[in-house]
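Note that the chains are named A, B, C and D in the order they appear, and that numbering of residues resets to 1 at the start of each chain.
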Amino acid sequence: GQPLVVIAGPCVVEALDICRRIAETVQAACAELGLSYIFKASFDKANRTSIDSYRGQGMDEGLALLARIREEFGCPVLTDVHEPDQCALAAEVVDVLQIPAFLCRQTDLLVAAAATGQPVNVKKGQFLAPEDMASVIKKLASTGNERIALTERGASFGYHNLVVDMRSLVIMRELGCPVIFDATHAVQLPGGRGTSSGGNREFVAPLARAAAATGIDGLFLETHPEPEKALSDGANSLRLDDVQTLLAKIKEIHGLVS
Amino acid sequence: GQPLVVIAGPCVVEALDICRRIAETVQAACAELGLSYIFKASFDKANRTSIDSYRGQGMDEGLALLARIREEFGCPVLTDVHEPDQCALAAEVVDVLQIPAFLCRQTDLLVAAAATGQPVNVKKGQFLAPEDMASVIKKLASTGNERIALTERGASFGYHNLVVDMRSLVIMRELGCPVIFDATHAVQLPGGRGTSSGGNREFVAPLARAAAATGIDGLFLETHPEPEKALSDGANSLRLDDVQTLLAKIKEIHGLVS
Amino acid sequence: GQPLVVIAGPCVVEALDICRRIAETVQAACAELGLSYIFKASFDKANRTSIDSYRGQGMDEGLALLARIREEFGCPVLTDVHEPDQCALAAEVVDVLQIPAFLCRQTDLLVAAAATGQPVNVKKGQFLAPEDMASVIKKLASTGNERIALTERGASFGYHNLVVDMRSLVIMRELGCPVIFDATHAVQLPGGRGTSSGGNREFVAPLARAAAATGIDGLFLETHPEPEKALSDGANSLRLDDVQTLLAKIKEIHGLVS
Amino acid sequence: GQPLVVIAGPCVVEALDICRRIAETVQAACAELGLSYIFKASFDKANRTSIDSYRGQGMDEGLALLARIREEFGCPVLTDVHEPDQCALAAEVVDVLQIPAFLCRQTDLLVAAAATGQPVNVKKGQFLAPEDMASVIKKLASTGNERIALTERGASFGYHNLVVDMRSLVIMRELGCPVIFDATHAVQLPGGRGTSSGGNREFVAPLARAAAATGIDGLFLETHPEPEKALSDGANSLRLDDVQTLLAKIKEIHGLVS
């Protein structure tokens, strides 16, 4: 089978030295374990809970930093896009475009992303059944671009809580695309802190193991050397020091089921 | 108290004569009952389930039709916007801008809509707790525009189903904004028909009555003379012939609780 | 149509004078409004969250108190049963047997209750779709007893929360039985306080109004002169002083829709 | 660590030769893999969806058959109890008493089961948060019996559907008890077939693998040589021929994480 893909980075674009530290650590772990590594960072967090939260450095600076990481480390990079206009510009720099979960039904955005010809990774909306991603695939594939991946990041489960339905990984794989498990957004508690989202980092590792045992093609992780100082989503980011141990375990489990 | 506001129209912009028939019928019912009427239609359905579904006539034609209805009937009109760029243009024509539920956390869209100075009606995301709309209000109000309404249209309840939590109407009213109940989207069954969404028109009236008894400031309805022929969302649209009877009952209930 | 039935009392059997005060107040309100009154109290709370919680006075004392209220006030009384053996004994004293929500699928209990020939009120399980109550009705009716009522008390909505799906009232009425809305259990927050269940009394009135506007045959309420001192479920009990006002409003709404 | 426990058998007590075939096959697989085997069968299905469904042979015959399997195969046996009176009688024959999910809050049943001194396995209710099982443990432990296991079998997720929240395995283990994953009830679709429950056998294996990777102490399975002919729950029973392969994989995954 294919080697497992690891998509990992800070939530939002952070200072260059932090991005470098993350890329270096995860790339080394992936190299040792024989996994494929893609660096991720968002140039803009367009849907933060609060208007006072940090959103990122803006598109130009963000893409510049992604280009730099790409060049320095020789690894592919991924970022998410929020409006059709951003797709072509981002696609000049990054290797994979990502569609955020809330936007997974926006036809124009999907079509603009796919029309760039770059691979597109779509996060399944928290409000969507896994089989409904078939319509999302059809929208993307209408452009002729069939390099599509689907990502599970949890489904709405009452208020302020998400649940990962592991059946969704099976169902989405049957749609014919590689399936990624986003282990850090899956443990978010939306709005759980009043004016921001909470999270339970302790569940990242067991959920990632469970997903790997169900059967996945890739693992998505947000990580930070000091999550408590992260500019976004610290509560659910994995501590950078813990990435190597987790990836080693995931690789073993993946080896058993693929 | 204030008279109840009724926001009603076809789902998507339909042929002019159908729009006229709807506006005429609902306006007459509202006039008779002493309710405020706002005509609604979407110039674009940017997140239809399937890429093959009808999306609308496009922005220019759609806004032109809304302007015409506005002029002919002398009633305010509402439409929804999906990208920041659309807000200023739409605000020149319509009296109220509406933010779709999936997009209710997109900061740029919210800010662009509010910055037009026009009233903004935000549909609460199916993935959001009602108290989390406080952050949405804050984003809008950061522009200085405080003419904000919030709309309940159901919360995710497992797959392919929505539930209306009537507590949300109480909670959102406590946030200080008028609260609208969207009785026709609330009965949608997302993805319930495989490649399109289903709906249960039979529940529109009982849910609208329940919401009115809980306490609301407005009622949102999609209606069509022949819902089975509607270009979008026919399964959950109210039959135009049934609008008058429903509004009369809603008015009575509203009178008892306000 | 039939007058609305009001089933109200303390959660668990309390001291005689408290039961009397409740019966007297609610009976007077119902008499004034032309509503039917049934006194309710549980002789045993067989499924309290914590083993340290008060469970009641036991069956003998509990039934004796119910008999006394019945005699003194001349009103029918209702209690819930938890095991098949209890049904015949309880049926000698009370006018309606009630099946708790968690037990609504226990075939032997349903059959034993219906076999007494007394009317049976079944609370819909928090885990059950409303249409699935058809199978519950069939179990009861297999005894030849068709005096059956169904009660909505909320559905599981993630953890520690219930949502009232007002569609369930419509669906259960279509099954051919009178439908009751339990306005105080519907606002429970299961396990919400760690070792006991919490509740939000403030939603009792709006949810009761919503249910009445949807269409119901009866309203179930737990009430207490001083809910903060109630031996069980105080957080969601309605203050006795507020019962008359609520019933007056419910009656008006009920009148509009029946 | 401890070897993984496998609790497996038919749903309800079937003909002796079918029970023998199941016990023989699973016992052999467990012996080969170094797993502990417990045979399970229910003498009575007290909460079948429909009153017309097969319920079992009754307590006397059912316990007699369990005793016979126990003697012939030398393996411990488990059955579930539904009323306090049944506990002492069942405990004379079986090695583990099991509390059904709907009944997991019934204090008298829990106490009667634990008071027998036999180990008690409680299935977490579909309506309960995992941390709320702490109160269940306290009820059992109030008898002095601390041989308690907790089983995950899915949580209500809208209507007619269950979702397995893998976090619950972590949370319940932190309560200090061994945790079992019930892989076949977890794939039930409650009421999914109108007058009976449906199920999706295809998800048994991936969910069992996921649970094992999360971390469990035991696996619960219902199995049948010909599930389509099973007297109960055939739609979600695992084919007996598939048990060995699944257990081998589960053992490997369990070995990686314990």
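By our rule, contacts are C-beta pairs under 8 Å (C-beta built on N, C-alpha and C of every residue); 3 or more make two chains touch, one makes a residue touch a chain.
Quick caveat: nothing in here was measured; it's all calculated off a predicted structure.
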| item | value |
| --- | --- |
| Result of counting contacting C-beta pairs for B-C and A-C, higher pair | B-C |
| Most widely separated chain from chain D, with each centre as the mean of CA atoms | B |
| Cα-centroid distance, chain B relative to chain C, in whole angstrom | 36 |
| Between chain C and chain A, distance of the C-alpha-averaged centres to the nearest whole Å | 48 |
| For chain A, residues contacting two or more additional chains | 155, 157, 159-160, 163 |
| Chain-level touch network, classified as line, ring, star, complete or other | complete |
| Residue ranges of chain B in contact with chain C within the complex | 155, 157, 163-167, 169-170, 200, 202-203, 206-207, 209-215, 249, 252-253, 256-257 |
| Chain A residues touching chain B - in the complex, by the definition given at the top | 46-51, 55, 82-84, 102-103, 105-108, 111, 125-129, 131-132, 134-135, 138-139, 142, 155-156, 159-160, 190-191, 195 |
| Chain B-touching residues of chain D, taken from the complex the two chains share | 157-161, 163 |
